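Below are two complexes that have chain A in common, paired first with chain B and then with chain C.
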Partner chain A sequence: MNGPQVYFEIPVLKGLPITESMRNQWFVMLLILCLCVFLTHNLQKIPTGKQALAEKAVVMLNGLVDSTMGEGCRHYAPFVAAIMLSSLFGSLISVLGLRPTTADLNTTLGWALIVCFLIHYSNIKFHGLKAYLKGYLEPIFIMAPLNILSEIATPVSMSFRHFGNMAGGLVISTLLLSALAAFSNAILGFLPVPLLQIGIPGILSLYFDLFTACMQAFIFSMLTMAYVGNARS
Partner chain B sequence: MGEAIYQSFVTFNWWGLCVTICNLLITFLIVRKFLFGPINKMLEARENEVRELYATAEADRTAAETMKRDYSASIANAKEEAAQITANATKRAAARSEEILADASRQASDLMRKAEESIELEKKKTLNEIKDEIAGLSVMIASKVVEKEIDEADHKRMIEDFISKVG
Partner chain C sequence: MDPRAFVAGMSALGAGCAMIAGLGPGIGEGYVAGQACAAIGRQPECQSDVTRTMILGIAMAESTGIYALVVALILIFANPLVNFYNS
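Now for the complex of A and B:
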């Protein structure tokens, strides 16, 4: 099982690779940009069709942010939406035959690190540096290493959960595909194509690509809201 | 192109992290600028418009209510005025009819009086004429009877005496 393909290396430092994941991330960004521009193109006072859909989505996300993070966090809504869309489309591009960006640890860990930064930033901003540092000595000072460990565990668990789910799906799909190819070759070897590969992986893909993609996007953004909202209270 | 190079399945490198972080930040800006910005602005504009609409409607309703109250008051006034006018007219008409009746009866009594007066006058005149006639006749008869001329003036006086005694 291979990781993302390296297309070429920028010859600075020790060589900076441009990988499949990066290319797919840019593709996803382009997709999101097109979607946003398409949805908000030609807005009317009385919404119709796509505008009603976009407004519904924005209102729902605003409501979700309000209810999860508390009042006064509206400016986090676009960030949560960005994570949700990046994760969702990043996973769903596997349907197009592209390698999902979320099946790369660097992608999910990058997102989790930003969330981690936001958590600590909110914590310091709302409680002050002293209270923030004091929080590590709760309930007694001996707990400090464990508290630090739990803080480190947050982004790690977030990123590995997402990465694991998508990569696991990818591995199982690939294994199944090659197994079906071998099986097809063994019993229907006289045919020029591996016939059993048609259809059966699609059923599994419903779960591993569609369901897991939606689920993980939702979980990742919900956790983002919950952690950052918790740090503010 | 040579052999395709792959990274290992579970890999970690700072460069990949940096690219991802930049990508997410750019995506955040895209979503904020192109999705949330316009839609939130539109929602706010609509909310303001609806609020304005409600305020206008409320103001209109209040104005209509005031107008209605004014109208009801003026209609009530008008009714009262109409009743008063009718009452006045009736009163005036009654007064006028009484006046006319009184006038008529007065005129009638005047006429009666005049008629009586003229009848009286006529009667007197006729009586005098008759008196004269009778006096003339008497003189004539007497002269015929006596067959002699007597002083007409004396006779006339005598006859008049006679008549006044008789009549």
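Now for the complex of A and C:
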């Protein structure tokens, strides 16, 4: 069980490593871009086929944003969709045998820091700088260190939740694979291939790769909407 | 005894102890799911709202368990203490 492989380092700022996670995330971005172009080119007045699918997805996402953040927050929908799709495809890429990009703290912490910036930006923009700073002194001024700590805890908890779920699944899958290899060597050692490795990890993969990936993408975007909506109200 | 071996063994023990924290989220999430079932049984028409809130609540309750998992992973795979005796 190793971390993401480092391919090479760009020699600026004490070496900027290009890792497996970054390569896979570029692949994911390319995939999403191709999907968007494929779904939206040649739009018709009366939708058919793939256009109906795309419109249904957009309507569902707009409804989710409206019901979670309240009316008048429709302009956050593209950002939420970007976070959700990056997270979903970044996790689901493990089905193709690539390392999931979300099993790397750098990826999820990056997203969480963007969301954290958006929370504070929305708060300042909506309430003004004075009310924003005054919010730290609620309910009394002694609580200021605790309020600052809870603001720092937001991106940490968001990123650790996503990273922990995906990395935990990756560790358990890897451990199970090696355990099955050792087990089939012990009882079916005369066969040239570890026979027990066939099929059994797939059942576990249904939960760890498919279910957890969809769940964490949904939770990350729901929390984004909840926090940003909370900052505006 | 090699101090590094001692540190490594104690880290493995610490990782195991950290995962005891899995108890709390397990109990909490089970309680949340049970309450959600009761709510849906009483008012089946608000099933989607209850489910969405339940998923969010479960995600929040899971945080402490995930912290324990991260601590255990760090202790096993990226232990900062093993290299303590090298310097």
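Following the convention adopted for this analysis, the second predicted complex is superposed on the first by the 233 of 233 C-alpha atoms of A that agree within 3 Å, B and C clash if a C-alpha of one lies under 4 Å from a C-alpha of the other, contacts with A are read in each partner's own complex, and residues count from 1 in each chain.
Everything below uses one rule, namely that a contact is a pair of C-beta atoms (placed from the backbone, for glycine too) under 8 Å apart; a residue touches a chain by one contact, two chains touch by 3 or more.
If you're wondering where the values come from, they're calculated on a predicted model, not measured in any experiment.
After alignment on the shared chain A, the placement of chain B and chain C results in a side-by-side fit free of clashes. Within the superposed three-chain model, A:54 lies in touch with chain B and out of touch with chain C [touch as defined at top]. Applying the stated contact rule after C-alpha superposition, one finds that A:167 touches each of chain B and chain C.
Vertex at chain A: the C-alpha centres of chain B and chain C lie 130° apart in angle, rounded to steps of 10. Of the two partner chains placed by superposition, only chain B is touched by A:6; chain C is not. By the document's definition of touching, of the two partners only chain B reaches A:45; chain C does not.
By the touch criterion defined above, A:157 lies against chain C but remains apart from chain B after alignment on the C-alpha atoms of chain A. Set side by side, chain B and chain C differ in how many residues of chain A they touch, and the one touching more is B. Legend: residue contacts after superposition of the two complexes on their common chain; A:109 is shown touching chain B, with no touch to chain C.
By the touch criterion defined above, A:16 lies against chain B but remains apart from chain C after alignment on the C-alpha atoms of chain A. Applying the stated contact rule after C-alpha superposition, one finds that A:76 touches neither chain B nor chain C.
Minimum Cα separation between chain B and chain C in the superposed model: 6 Å. Within chain A, the residues touched by chain B in the first complex and by chain C in the second are 1, 3, 167. Remark: chain C residues 52, 55-56, 59, 62-63, 66-67, 69-70, 73, 77-78 touch chain A in the complex. Chain B makes touch with chain A in their complex at residues 4-13, 15-21, 23-28, 30-32, 34-36, 38-40, 42-43, 45-46, 49.
Residues of chain A that touch chain B in their complex: 1-6, 16-17, 19, 21-22, 25-26, 29, 32-33, 36-37, 39-40, 43, 45, 54-55, 58-59, 62, 77-79, 81-83, 85-86, 104-107, 109-111, 113-114, 167. Residues 1, 3, 157, 160-161, 163-165, 167-168, 171, 215, 218-219, 222-223, 226 of chain A are the ones touching chain C in the complex.
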